[in-house]
Amino acid sequence: MHALVQYIESYLSSDKTPGAAGNFFWATVYVLLVFVGLSIAVIAMNWLERKILAHMQVRLGPMRVGPHGLLQPIADALKLLLKEDIIPDGADKVVFWIAPFIVVLAAFTVFVVVPFGPTHAITDMNIGILFMLGVSSLSVLGIVTAGWASNSHYPLIGALRSSAQMVSYEVAMGLAVVSAILMTSLNESKTGTLSMIGIVQAQFDQHEWFLFKFFPLGIIAFGIFAIAMVAETNRAPFDLPEAESELTAGFHTEYSGFRWSLFFLAEYSAMIAVSSIAVTLWIGGWLRPFPNLLQGSTWDLAFSSVPGITFLLLGAICFYNTARMPKHPLFKIQTLGLAGFGAVLALIGLMMFLPPVRERVGDIFWFSAKVAGFMYLYIWYRGTFPRYRFDQLMKVGWKVLLPTGLALLILTAVVGMRAELLAQVKQVFQR
Amino acid sequence: MNPSLTSNPPVATPFFFYGLAAIMIIGGILVITRKNAVHSALALITTLLAQAALYLMLYAPFVAGVQIILYAGGIMVLFLFVIMLISIERAEKERQFNKQWLVGIAAAAVLGGLFITVYTTTTKGRVLFPEGRTSYVDMQNTQGIANLLFDQHAGTYMFAFEIASLLLLVAIIGAVVMAKKRI
Amino acid sequence: MTDPRSLSPLDLETPDKTFLDANELVINMGPQHPATHGVLRVILRLDGEKVLGLECVIGYLHRGVEKIAENRTYTMFNPYVDRMDYVAAVSNGLGYCEAVEKLLSVEAPPRAQYIRVILTELNRIASHQLWLGTHALDIGAITPLFYTFRDREEILKIFEKYCGARLTTHAFRIGGLQYEAYDGFESDVRNFVSFVKPKIDEYEELLTTNRIWLERTKGVGVISGKDAIALGVTGPVLRASGVKWDIRKAQPYANYKNFDFEIPTGENGDTYDRYIVRMMEMRQSLRIIEQAVAGIPEGPIMAKVPKVMKPPVGEVYHSIEAPKGELGYFIVSDGSTQPYRVRVRPPSFVNLQALDVMCRDQLVADVIAVIGTLDIVLGEVDR
Amino acid sequence: MPDETKSPPPPPPENEKPTADKPATPGGVKSTPSGSVQSETTTTPSKPSPSSETSTPPKAAAPATPAKPAAPAAAGHPAPPKPAGPVPTPWDSPLVAKYKREYGTGINPLTHLGQNYFEVDRSLIPEILQLLRDDEKFDYCVDLTAVHYPKREKQFDVVWVLYSFQRNERIRVKTQIADGETVPSSVPLWATCNWLEREVYDMFGIKFDGHPDLKRILLPDGWKGFPLRKDYGILQQDNEWVQINLGIESGQ
């Protein structure tokens, strides 16, 4: 018993991820935490997307279930779970059944290597980024099989579109990623890394986010990735596989209830996954702003109190809206609920000021905040852009992003090695 | 990070090995016995994934990653893509095995014999999973591959690598020419 | 019960027996489909995603309006026309009232004419706004829909204040108007004009220069002016093909000849030109409204029309420029209180015929864009 | 795009011949030099002295109003505000004179309420329509419809409404056909007639020779009868449907 406790405690002082430290207990805990956190994030995204989109579109969005529709995602989830689960008559039952699980598994597995902090990842892999790209590319299998198994025309076209789209955008995405990986090798030992944690560490060591490295190369690479990742996750304006006005719902037209909600879950966690890649590779992962410039205990304290302040602010917004609720007996429960929600947020905020918590949540907070920024971008795109046509989408992928990515890769290599190249050129001339 | 791996030797290696091997064999059998081509493809994907896991067990994460991204992710998607456009009903009516099964069995037997010979000669008188049998090199797997390919001194496979990529290019052009009558 | 329609064979040139032949795919779009603007069924024959041809199956909303007309008096039939193109009910009413007035050889008094023009042009803007919202939605931009609905609401409010109804207004009567303009009508209209002008810019801001919008609409669904005329296509679709023809100018009805406005035209006849033409038309409509509001004369609003209307024996064809094109009424009178025959020449019905021509060799996604750009209302197509 | 809006052009010179792309004559009503055009807004149609040819219409009855089933109702009321109302008068113009010379009594040009129309013999229809389209530039077939007069021997009026962008003029062409008689299809002349003819077939049962795909358009294929015929009973159809499908005697 004592040994077990010791085994559990031993990790707490470790500076490694549980996977790297070989601590199975904590690895399991982290897996569960990531799973629960992801589910909450997806639920929150569901609500946020509807609200933000609604406010962009001069309407209110969900307002009925809970104060400001806060309980709407739960109501939706319940509805989906209680819905009749229909399998079309001509469908290939086995494949139809497996397909959503492939998608969900692929979407969730990538989070094994997502670094929420230097120690806050399930594990650190030597090939972290490769693993993420590889596993996330597996989700297309699920989409293709889902479209095929439905035995219906719209899903089939959706699936074909999806696979063509994902395969072609993966290339550009990979090139952008490689150019970022090249940047990690600009240190004394000249060894780069594919490890997610190593990439962030490299940015810390080089005192620069890769976004601004070799300006404008880093930004261009990031831009390519940012476009490709939207296409990769089938979101507007690249949401052709599920283009509503053309293909009804694309590959998941025939899905309903729980299975459909799995697709939904997978789509949103895939969005979070690719955003995590972007955050890790270009905008410093878990690093707080100016980690090298604004050092010192005062700055550390200031930045580490940001999470608490954020939550307190969110709580304050809740209280403000509580005060604005209509004073009517019918709204009593809603008002109380909103106040309670605000209180919970404020409490979380206060807890984040506690020193042991404060020191540990900083990384996670900054990482999540950056990812949340990307999530907002996704919603913003959806509210703004019309949808590409399929051939145009392919054109953008193959004729714009791919050549740019290739040129970028070469340029990055040249610029990164310019000192050595110059030396060699000089040598040639000296001879 | 290497010390971390050496300090934490892998657990339950035989369990995972036999499990993955079983998955691979079952998947392989399903690939050739399923009448529905999509089912076969899915079984093949399972096999490939299990193989990737085996690579991981051999401390070859890079190869495992490439296996996933290329075979399971890229090639199999194209496979499925093509299979879906084939009339499944017609394919299901066709005969599963034709006259070449004898040749197949012979080839499989030869291959099996080869494996057994190699195995028995290299591990003569030793147990199957000796502790620390795999010597974990101090260098990372990814860099090892890079060195093999591109290193100025040790890079003996550079030529083969480039020739292979040229071959692929030729294949691509050929496919385009054959598929499209008018470019 | 078997729906006879479901038994109808698809009259496609090469019937494709095998499911999922790689060469050809027959897709049935609709009648319940998010992008068909009603109950339109389109049977697409595809090569991959390329459209080889398509056939429209219509009639799901057929209510026999023309038959109903034969069993109603002239006055009683008036509200029915609102139900055809229900997003431009005022235009329908104008066409019908003017046709019967012509049959009766009466003319609405000037004040009524002015108010008619104001309401009809407001309705044109409302119709175009609805078109823009749904068209943008078809192409994947969801936000304009809500903007246009927000602003269309203001028009509907004016209608509601004027006659108590928002959509199927029944605003006009044969011989003039039933209601005098309410107090503050003119200021409401003026306010609306100044309110909506920046809003139209706002729609354009979202779309006109948007790269994706340009790519999705330029060169899509092209129809030449010659083809458009041969197919009888009218309205903004015809004008976008470069034919500068608007019944308001060519054969002015109501009192359109008193107003100064332009006919916007396109050059290429593609979806983008149709979009631009309609956007311009909204602005021109605002111009007309401004002039009309400034010039409303005093006077009666109803011409001398008998209580029991018995137009003399004869027939008349009268057409107006509805938001969707030429809306014609061919009314045959036998001298009794009920029309002997009312034929409605619906612009949407005729325009929809051009869908096949416009979609050939385009992609599935373009079919959606073209259906949207034709601005059809199934209530009018099927009547 | 601003460049796509054209400022209102000045009224084109009267003899300007628009191109195929811009055939219209915007900017208000104009008469063509011949003076034969009467636009719809012209409330007082020109009534030239009837020529010797047009004064004798081929048919005895007034064109639009032969064999009115409900005509007696009109006779009962004197209808004080209006006199008898305008009656169709012969229409005269160079165009008419030309056709009159050529076809004589087979064609009867009339004008009514400022709108001109030809009454054409069934046998002359293809020829006249072709000429109107090609020579007279009536390049836009506005509408094609029919009217049913069950008490007449030739039960149907088939009506083409034509418009010429070049002349800015609208005319109608009417012909009378008996039940079961066919009309040559106008699809080769105006593509738009495809659906219009289908609708006429759907509603009246008039068949068009040479139509590429003559089938019902608005009504289901299994529909019985042609609803816009005057003798079509709605209740009968309804009763039949409820008897077959619902097993009750009547839905009313």
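Chains here go by letter, A, B, C and D, matching the order in which they are written, and residues are numbered from 1 within each.
Here is the rule we use: contacts are C-beta pairs under 8 Å (C-beta built on N, C-alpha and C of every residue); 3 or more make two chains touch, one makes a residue touch a chain.
Just so it is clear, the model here is predicted, and its values are computed rather than measured.
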Identifier of the chain whose CA centre is least distant from the whole-structure CA centre: C
When A-B and C-D are ranked by contacting C-beta pairs, first comes C-D
Could you grab the centroid distance between subunit B and subunit D? Build each centroid from C-alpha atoms only and quote it in angstrom. 76
Euclidean distance of C-alpha centroids - subunit A vs subunit B, Å: 30
Centre-of-Cα separation between subunit D and subunit C, whole angstrom: 22
Hey, how far is the Cα centre of subunit A from the one of subunit C, in Å? 45
Residues of subunit B that touch two or more other chains: which are they? 84
Multi-partner residues in subunit D (2 or more other chains touched) are none
For subunit C, what residues touch not just one other chain but two or more? 20
Subunit D residues touching subunit C in their complex are 1, 4-9, 20-29, 39-41, 43, 62, 64-65, 68-71, 73-75, 77, 79, 81-82, 84-88, 112-113, 115, 139-143, 145, 147-148, 159, 161, 165, 168, 170, 172, 190-192, 194-196, 199, 203, 213, 215-223, 227-228, 230, 234, 245
In their shared complex, subunit A is touched by residues of subunit B numbered 1, 4, 7-8, 36, 38-39, 42, 45, 61-62, 64-66, 68-69, 72-74, 76-78, 80-81, 84, 140-143
Subunit C - residues contacting subunit D, complex: 1, 3-5, 7-8, 11, 58-59, 62, 64, 66-67, 70, 102-105, 107, 208, 224-227, 229-233, 241-246, 249-253, 257, 260-267, 273, 276-277, 280, 304, 306, 310-319, 326, 328, 330, 332, 334-338, 340-341, 343, 345, 349-350, 352-353, 382-383
In the complex formed with subunit A, which residues of subunit C make contact? 20, 25, 27-28, 33-35, 49, 136-143, 145-147, 150, 206-207, 210, 212-213, 215-216, 363-366, 368
Within the complex, which stretch of subunit A touches subunit C? 53, 56-59, 153-154, 156-157, 236-237, 239-240, 243-248, 382-392
